[in-house]
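Labels for the chains are A, B, C and D, by order of writing; each one numbers its residues from 1.
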């Protein structure tokens, strides 16, 4: 999935991609793009702008971002220059639901005022999914509870979606792409439903359609999602994400915490060794 | 005059005074206040904020301001935080004309579209004379061509002037003060004309009224402007302004350039000596 | 030369937060929240604070869990990879905590407007969100004499108090941040009263030596508090990384009412100095710093 | 790692300024105007530039005197203690130069609006000025759904080109300013095309070592030009102070048509390298730096 996301990242127009909430899969995709096909893509995170690729980790990601910055700016500057303007490249968002209209939900399951589950909230995604060039919503599962005709609450919704209507309003044209463990869906217009862009190797079109709660346009020939190349996988596993943090996005509660403790033990040991080394 | 201006500078409310265009008399007044009665007053200049007092000079003032800053900010930050807000303390402006309504003219003598004299323009003064707590307009001469019923062009005009009306609109209350070689005038309300606050030692009330082109309210007892104290003069002459740059404001064209060359020779020699010293 | 010092002890901080005040907290995600101040508010037994959190985590969750918040304006509260913020989630689901959810960018612009002294700011982007019709007091429209019609706009939000954590600060309040500072400068501009906690209080000369690191000029600041490790268990990069181990312990406690009651009792039963001696004991501080050192840039 | 370099020679700069382009010039008063670029535009014999100058001095006056400007938007053009800007004054009085006079703060906000991608920004303060009714295309009023009525507002001004002078820059355009940078970052945000001249082009690693000095991120920049003493005779603090002696010579020349024709001939007859060899010859550069060193702070 990281490889597929990274394909959406381009250098055109010197747009900026911002690392926001901790979404290791998206981080990995950005680093992969920067280390392979998009070395001059602009990345920003926290108060750093113009960062180089970093090794992913849990407790050190912020520090790595800090260390590689070519400039520091305030959140207000990145708001003004990227988020509310036309300089945003790609927004990867891990959402709980995707609506047939492209809406994402990071707020609640159930009724907004009496929620069954109160989710974290959308941070900057409402403006960002509207203003950036490309929106990639990614999901750790593909089922009818996730891909729904209408989300319980639209934390953010790209509107309009169609390129012509967007350009007329001074918005960047660009698609809403959904990437799941089964397939890649894509929405380019306002009148048409999401269409099935590709199915992952070994997945049938039927399986995708059955597990999608909203209407899906299926072209006559559905391509198979490009498999990651050997070099891509090597860069990802050996350099970008040796701790395999991208797995976070696919683990549930207890399993995830256990995995996190495992990673943290390795991070602690590495830091501890530095302290010992300095001492001797 | 510098001493009289410096009296208007206070520390109340942590407001900021900004050094803008090169107005040595105002600079001297600010430094005097900071070295005497208002040590915690906030000064800003160029991209420096929180500066300490500096020695005045011509070619080195910007560098001195740079060196003493406790922070650097952009002009946009100072705009947002001081100029268009309610954090401005005192604005000293050297204007060509003062109107009976308090308007200042830094744009043209004569008709705006076919000016007899095109002046430099007002920089940020239009917003600043409106938003700051205190406006001090100072003049190198006091005559009916300078103090006029209506200025040829109001580059800036405080409106309203009255404290009540200002507070109702969320503006800082505070007077418009005019300081000339003869007297101190003051405007506190919208309905009343400027009043004569004090006459300088040796100047008669009559002389002031005769040389003022707009209506002037003269109280029964007109005080004499406080003379500068010996310590004030010593600080000014020996520490703040050893080159006597404040004289600039009282010299005309050729005389001023000749005086400037004189100061510059001394500044050059001092810098040159540093170069020689570094060499040996 | 200065005659006025703004330094106060951490124990005096709660008294600087008026009753029912809206309080904006600095930091973002697990970075640089003013945790020493949060703990001190919890110790003071506050129950009346109206919180504003742009991107909250343990700061908000702890305040909610301690019952310190009367209500909350926020864009996100999350424990990131550790899971959802348990106290926050529980309090909202039960209806106990009144919330105003505003997207981060609109909320920041609302604070920016207050800092600039303007009643609103125009922007682009929120229109597709269901948050917009929910909060017409924040999200609106503007039109101008230039012919602009129906431009999205947010209304100024002026917090009564902002609390942020800096790297160093002089006694006049000039606050420097060596690394991550989030939107802390914007909070300082927006709020009526600004409290800066910092790793260390230094002289004005020291500040002048690195003036480019000053993100909050002192004229905006009302009180300065020295609080070493004042962001712990959050990060203060580049001085120390987040203490993810402590955060995980917190997260486990927050998921269980009894464990959380014990957690609260312990925080309330100790001073901040005692907290620091306990939570950053031995060479733990050095390890948290080494985590910053260990963070790896792949290529330049 | 980067594959794309934005560096160009100064001689290529005029070709990057399209015909009739609106060009915003960096710097303020005698500080840090992009004078090498100004001279190069003069050498190219331009007559079509639509200038935008926030706080102009010799930059504007030289362009006006050389006939390079078709019109000018400005808040102030002054030679400060040296007197009025002679060419500017003469050209406006004769009606030769069309002007749009806007107060500095409103003009900066108009540029800021463009940089933020919003059509206007609200402010406070210009209402008493006679400039307001003169320019309804810049000064207007806004109202909102929150009940705001008649809030003063300025309309976005987007220059086609911004030219600023930085201390150092990498080949991707990350531009650092050690000292005075005026409103240069705002110009870079506002303009469709951004040209940075700089004292020296350095590696990205060098920029990353002092990231807090980067005021213009490279993604805003289109071209990078190395131009040592590129602000001369204006200052580039803390590297060099203004060359007040050269400025006085300029001022004397500008006050006399024949002398000014000779001044122009000389600038046009030499390359920028030759200008530098002539105008900053011997140890003059060292003296201009020593003026910075000599500047005196009275007390801390």
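Rule of thumb we're sticking to: a contact is a pair of C-beta atoms (placed from the backbone, for glycine too) under 8 Å apart; a residue touches a chain by one contact, two chains touch by 3 or more.
Each chain and its UniProt protein: C, D = CoA transferase subunit A.
From a predicted model like this one, the values you see are computed outputs, not experimental measurements.
Undergrad: Component check with subunit D excluded and positions unchanged: what groups of chains do you get?
TA: If we ignore subunit D, what remains holds together, so that there is one piece.
Undergrad: As a quick test, compute the distance in whole Å between the mean CA positions of subunit A and subunit C.
TA: Taking the average C-alpha coordinate of subunit A and of subunit C, the gap between them is 26 Å.
Undergrad: How many angstrom lie between the centres of subunit B and subunit C, each centre taken as the mean Cα position?
TA: The answer is 40 Å.
Undergrad: Listing for subunit B: what residues touch at least two other chains?
TA: 52, 67-68, 84-85
Undergrad: Quick one: which residues in subunit D touch 2 or more of the other chains?
TA: 1, 117-118, 123-124, 204, 208, 212, 215, 299-300
Undergrad: Hey, which chains are touching each other here?
TA: The complete list of chain pairs in contact reads A-C, A-D, B-C, B-D, C-D.
Undergrad: Where on subunit C is subunit B touching in the complex?
TA: 1-4, 115-118, 170, 172, 174, 189, 204, 207-208, 211-212, 214-220
Undergrad: Sort out for me which residues of subunit D touch subunit B in the complex.
TA: So the residues of subunit D in touch with subunit B come to 28-31, 54-55, 74-78, 80-85, 88-89, 92-93, 95, 101, 103-106, 108-109, 112, 123-131, 134, 179-183, 185-186, 215, 235, 237-238, 241-242, 244-245, 248, 251, 283, 286-288, 290-300.
Undergrad: Within the complex, which stretch of subunit B touches subunit D?
TA: Those residues of subunit B that touch subunit D are 21-22, 24, 31, 35, 46-47, 52-55, 57-64, 66-68, 74-76, 79, 83-85, 103, 106-107, 112, 114-131, 153-159, 170-171, 239-240, 248, 253, 256-257, 260-261, 264, 267-268, 270-272, 274-275, 278.
Undergrad: Inside the complex, what are the residues of subunit B that reach subunit C?
TA: These residues of subunit B touch subunit C: 11, 14-16, 39-40, 42, 48-50, 52, 67-73, 80-81, 84-87.
Undergrad: Which residues, counting only subunit C, touch subunit D once they are in their complex?
TA: 1, 117-124, 136-137, 140-146, 148, 151, 153, 155, 204-205, 208, 212-213, 299-300
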